[in-house]
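Okay, so subunit A shows up in both of these, paired with subunit B first and subunit C after.
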Partner chain A sequence: MYYAELLLVGLIWGCTYAMMALGLTLVYGLLRILHVAQATVFTLGAYIGLLAANYSGSLAVAFIAGAIAAGALGPLIYRFVYQPILDRPPFVALVASIGVLIAMEDGFRLLFGPYGLSFEHNTWFTTTYSFAGMTMNLVQIWMVVTAVVLLSAFAIFATRTRAGVAWRATVSDPPMAESFGISVSGVRYVNFLIASVLAGIAGVLVGLLNNLVEPGMGSVIAYKGLAIIVLGGLGSVPGTLVASLALGVVESYGTVFLDKVLDRDAIAFLFLIVVLMIRPQGLLGRR
Partner chain B sequence: MDYYVSVATFAALNVILALGLNLISGFCGQVSLGHAAFYGLGAYAAALCSVAGVPFPLAILVGVLVAGIFGIVVGFAALRVREDFLAIVTMGVGFLFLGAVRKQPWLGAEMGIAKIPSPLDKWGYAALAIGAAVALVVLSLHVRRSWMGRAFGAVAQDEDAARTIGIDVAGYKITAFFLGTAAAGLAGGIYAHMTQLIIPDTFNFIQSITILAMVVIGGIGSTIGVVAGAILLTLMPELFRFINDYKLLVYGALLLLVMRFSPGGLAGLLQRLGLRLA
Partner chain C sequence: MQIKSGSRLLVAAALGAALVAPASAQTIKIGFHAPLTGFAAADGKSALNGAELAVEEINAAGGINGRKIELVVVDDQAKADQAVPIANKYIGEGLKIVVSGSYSGPTRAAAGVFQKAQIPYISSYAIHPDITRAGNYVFRTSFMGEVQGRAAAKFIGDIMKKKNVTLITLNNDFGQSLSAGFKEAAPKFGVKVISEYTYAMGDRQFGSIVASVKRDNPDMLYVSGYFFNGGPLVAQLRAGGIKTPILGTEGFDTHNFIKIAGPAAEGVMITTSLDRDSKSPAMRKFIDDYEKKFNTPADMVAASTNTAINVAAAAIAKAGSDDPAKIRDAIAGTKDFQVSTGKISFNDLGEIYKAAQVQVIKDGKFHHQATIDDPQLLAPPMK
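So, the complex of A and B:
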């Protein structure tokens, strides 16, 4: 039963990673940028969500506020950080992105204090359900539900709508897409908008799960998000989803079995390095 | 006076670290986001030796070799994965080092290693660090103009083309990783003996990024630029006390601004000014 519970916890984390990593894959697929600054978007979503929840007393308001704030920040980062340096070598954007991340992390610390804030009425955290000997709280259930709903919505968007088709066309061949009348720059903004809204909602969920929102909460999850998109094969959406769940489960079992040798973050990256040494193109990547 | 001596020593250590990374990323074009891990490997290896009673010069040498050997291992990884993949793998190496050290009782876990014997005085460490830094500057300038430096440049610009004209890409990549990480190991050994206390968090991801910031702000690939970048970033928090509280904010903003307006760093900026003046 214990092992089943570990599997479940792993899959729940996997769902959160998936929401974070999908956005990173979208950005990478379109622009070939490792968007580390996504962590900033995630943390901003969590802080704004927390402030909204504590002010209004409603978690629904928290999610809307978090998603709006995150959805505004992502496209702004694209406009003012990435767009001017798109034609430079790839490391330029990566270093700029890391710059945004560490500057903003310090900014959150100065604005909201170093120790983090907690939700005043985190009813989801305290409501627990037990079935078949396993205990889950409402946040964990919502994590899974939100991830499944949002990722399915994204799949429908990408395959069934005109905007989705335009987006996929732009990913595979930007100049050709443009000559068919697709606004490439519009697609890029929408891309950052979707990625950021997902990250913002994930931020509020992780804040609720730990009942704590702190300045550094985004960085580790963003590094793991990068590990996940590399693991899945850069730019591959199905690969990202598989890798997210796999990483969640590996971490969950790893923290139990390898506890004496490695910490949680090290297990994630060890898994990444081992997989890449065997399959340099990632789990579902193509050469 | 003591204060200036220790600032000068730290500046010299940072010059060694930054030049080491510049060999890997600047000369040979292999992005590394985990340079602090090798700094840490050198520090831990040298500290363990000294605590066990090994003489100081030998302990430093062991630190250099341990870091260099792990560098070769990561160099092999660089043969399997490229560019963005390599950036994430090297970042992973940093986290793996930290996560492993934190859990090992014989490495002191979270508490680190304390009471490391210190055979030199402040002036001695300053002389050693500055001497090593100058030696590395000379080596770096020499490598740049040598056959090896040109081969590094070819690998950095276009691996496949370099291979086509008969350059041993794998060999040069591994050499670059060995030289760069061994330099970090040297800095680590000196640091461990000077402070007599090392903890895992000194060698975290932020440290890797700080070293990268020195390279990038100085001008990636330019030896003199990187030296200037390392000295500048060491002195900045010392000169402007108020910056210390906002150190990461300033680093981050600098990284962003340099990438946005002068990706060649200080060296690139000077070159452009020079061209305009000429």
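So, the complex of A and C:
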């Protein structure tokens, strides 16, 4: 039972990672940019969601506000940070992205104070359900439900809709897609919009789960997100999902059984190194 | 070119001196570094508040022998690599005493520099044992981790009468020294450590530890960490259905802990040096004045920097001179001094002796639970 509970804990973590890492994979697939500043979008979503919740008293409003704020910030970062340097080598964009992350971390601190903020009425956290000796709270349940619903919606969008086909065409061959009348720039904005909305919602959920929204909450998940997309095979969406869940589970067991030797965050990178030694192309990547 | 820029500098220096001369002849400068930005900025803010309150009150009471004191504040970001340049800057500016309002990393790095320069240096709340080992010019006004861990073992064994304890330890020097002190003293009080889990500074999700505690089913939990990881940890333990009593440490000693943990904070106990129900006038005055000035309740970090500045000021007054060696001797001679963290004295290593307070959270506020005043158990090491 104990091991089953650890597995469940790991899968919940995996869902958080999946919502963050999918956006990173999308951006990487389209522009070959390692979008570290996604963590800024995640943190902004959490802050706006928290302020909306404390102001309105409604968690539904929190998710809508968080998603809108994040959905606005992501495309703005693309327009004003990445677009002017798209013709440079990819590491230029990576450095710019890290710059945004670090600057915004202290920006959040100036705006919202250094102590971090908490939800006044985090009813989802205190509502718990017990079954078979395991206890889950409503935030954890929503984390899983939201991840499954949003990621399935994305899969349907990518495979069944015209916009989704246009998006995939742009990923595989931008000039060819453009010659078929697809607006490459439009696809890029939609790409950042989807990635950012997912990150913003993940931010609100993580804020609820910790009952704490703090300036630096994005930095760990940003770098772990990079580990996940490499682990999944760069640019592979199914690989990213598998890697997210796998990492969540490895961390869940690792924090209990390897805690004397390794930090939880070190486990992520050790796992990455081991997998890359065995499968250099990533879990589901193609050679 | 050389001469010209040199003379310009001279003019600037003369102008500057003329502008500040009336004040600087009078003021006594105390160096103060704290993490005002970076991951520890929350503690940095409390640290600065506590120090500023001390300066304000000392100046309002007439200063030191008629001279005002002034803080020279620098942000160290809680990074060890920032500490040495900061220390050298203070020494270059001719400061005679410096107080650390920061964590162990930078404080430990700076301690050696100040010792070499023979400038008295007081660590407010950094707990690493090596800090005071830098030499006889370095002092500490907070409990060492080991000492606080021993107090926790006595409280759990003697007062709570609990036997089987699980430790949840923050994996840094703070958490590890608390854990070491606890495990060293536990057998004396009939306490058995049945399991220990560690976590990292950045962790906010503790699902696997919650599951493990549930399996181990201890009589009591001893949890180290800071409010930003301890708050989520305690909330998750309670949300996971664990009703075991929890003893935390002075890292939870801030109302931010209560805000984050919410209803789960009720009944959580901590070892600390600040007693909210204290009848000591100095402690009472600090708690009330702090809340009035900053509109937020006082915490352990603020009380510690407040204590350190008061120790520094009292030493300068007693030395009656700006000679660092005389100030050092005066600090070392501090005995039964009543400050915001209680009645304090230093030993030969520059470590503090004071009673340990156990506070309990009731109706969203810290209250007195027990005082552990055991000079033998709480004696800091002599070397």
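Going forward, the second predicted complex is superposed on the first by the 287 of 287 C-alpha atoms of A that agree within 3 Å, B and C clash if a C-alpha of one lies under 4 Å from a C-alpha of the other, contacts with A are read in each partner's own complex, and residues count from 1 in each chain.
One rule holds in what follows: a residue touches a chain if its C-beta (ideal position, glycine included) is under 8 Å from a C-beta of that chain, and two chains touch if they have at least 3 such contacts.
Bear in mind that the values here come from a model prediction, so they are computed numbers and not experimental data.
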TODO: Kindly classify A:Asn54 by the partners it touches after superposition: subunit B alone (first), subunit C alone (second), both, or neither?
DONE: neither
Open item on the list: By the touch definition at the top of the document, which applies to A:Val256: first (subunit B), second (subunit C), both, or neither?
Closed with: second
TODO: Considering only the touch criterion stated at the top, classify A:Leu272 as touching first (subunit B), second (subunit C), both, or neither.
DONE: first
TODO: Would you mind checking which one, subunit B or subunit C, touches more residues on subunit A?
DONE: B
- [ ] Using the touch definition from the top, say if A:Asp106 reaches subunit B (first), subunit C (second), both or neither.
- [x] both
- [ ] For A:Thr126, decide between first (touching subunit B), second (touching subunit C), both and neither.
- [x] second
Task: Footprint overlap on subunit A, where subunit B in one structure and subunit C in the other make contact - done: 106, 259-260, 263-265
Open item on the list: Going by the contact rule set out above, which residues of subunit B touch subunit A in the complex?
Closed with: 25, 31, 77, 80-81, 83-85, 87-89, 91-93, 95-96, 98-100, 102-104, 205-206, 209, 212, 216, 246-257, 259-260, 263
Task: Complex contacts: residues of subunit A adjacent to subunit B - done: 28, 32, 34, 81, 84-85, 88-96, 98-107, 110, 219, 223, 226-227, 230, 234, 259-270, 272-273, 276-277, 280, 282
- [ ] Flag every residue of subunit A that touches subunit C in the complex, lowest number first.
- [x] 2, 5-6, 9-10, 12-13, 106, 109, 114-116, 118, 122, 125-126, 128, 130, 134-135, 137, 206, 209-212, 214-217, 220, 252-253, 255-256, 259-260, 263-265
Task: Touching residues on subunit C, where the partner in the complex is subunit A - done: 37, 39, 41-42, 44-45, 171, 197-200, 202-205, 207-212, 214-215, 228, 231-232, 235, 239-241, 256, 259-263
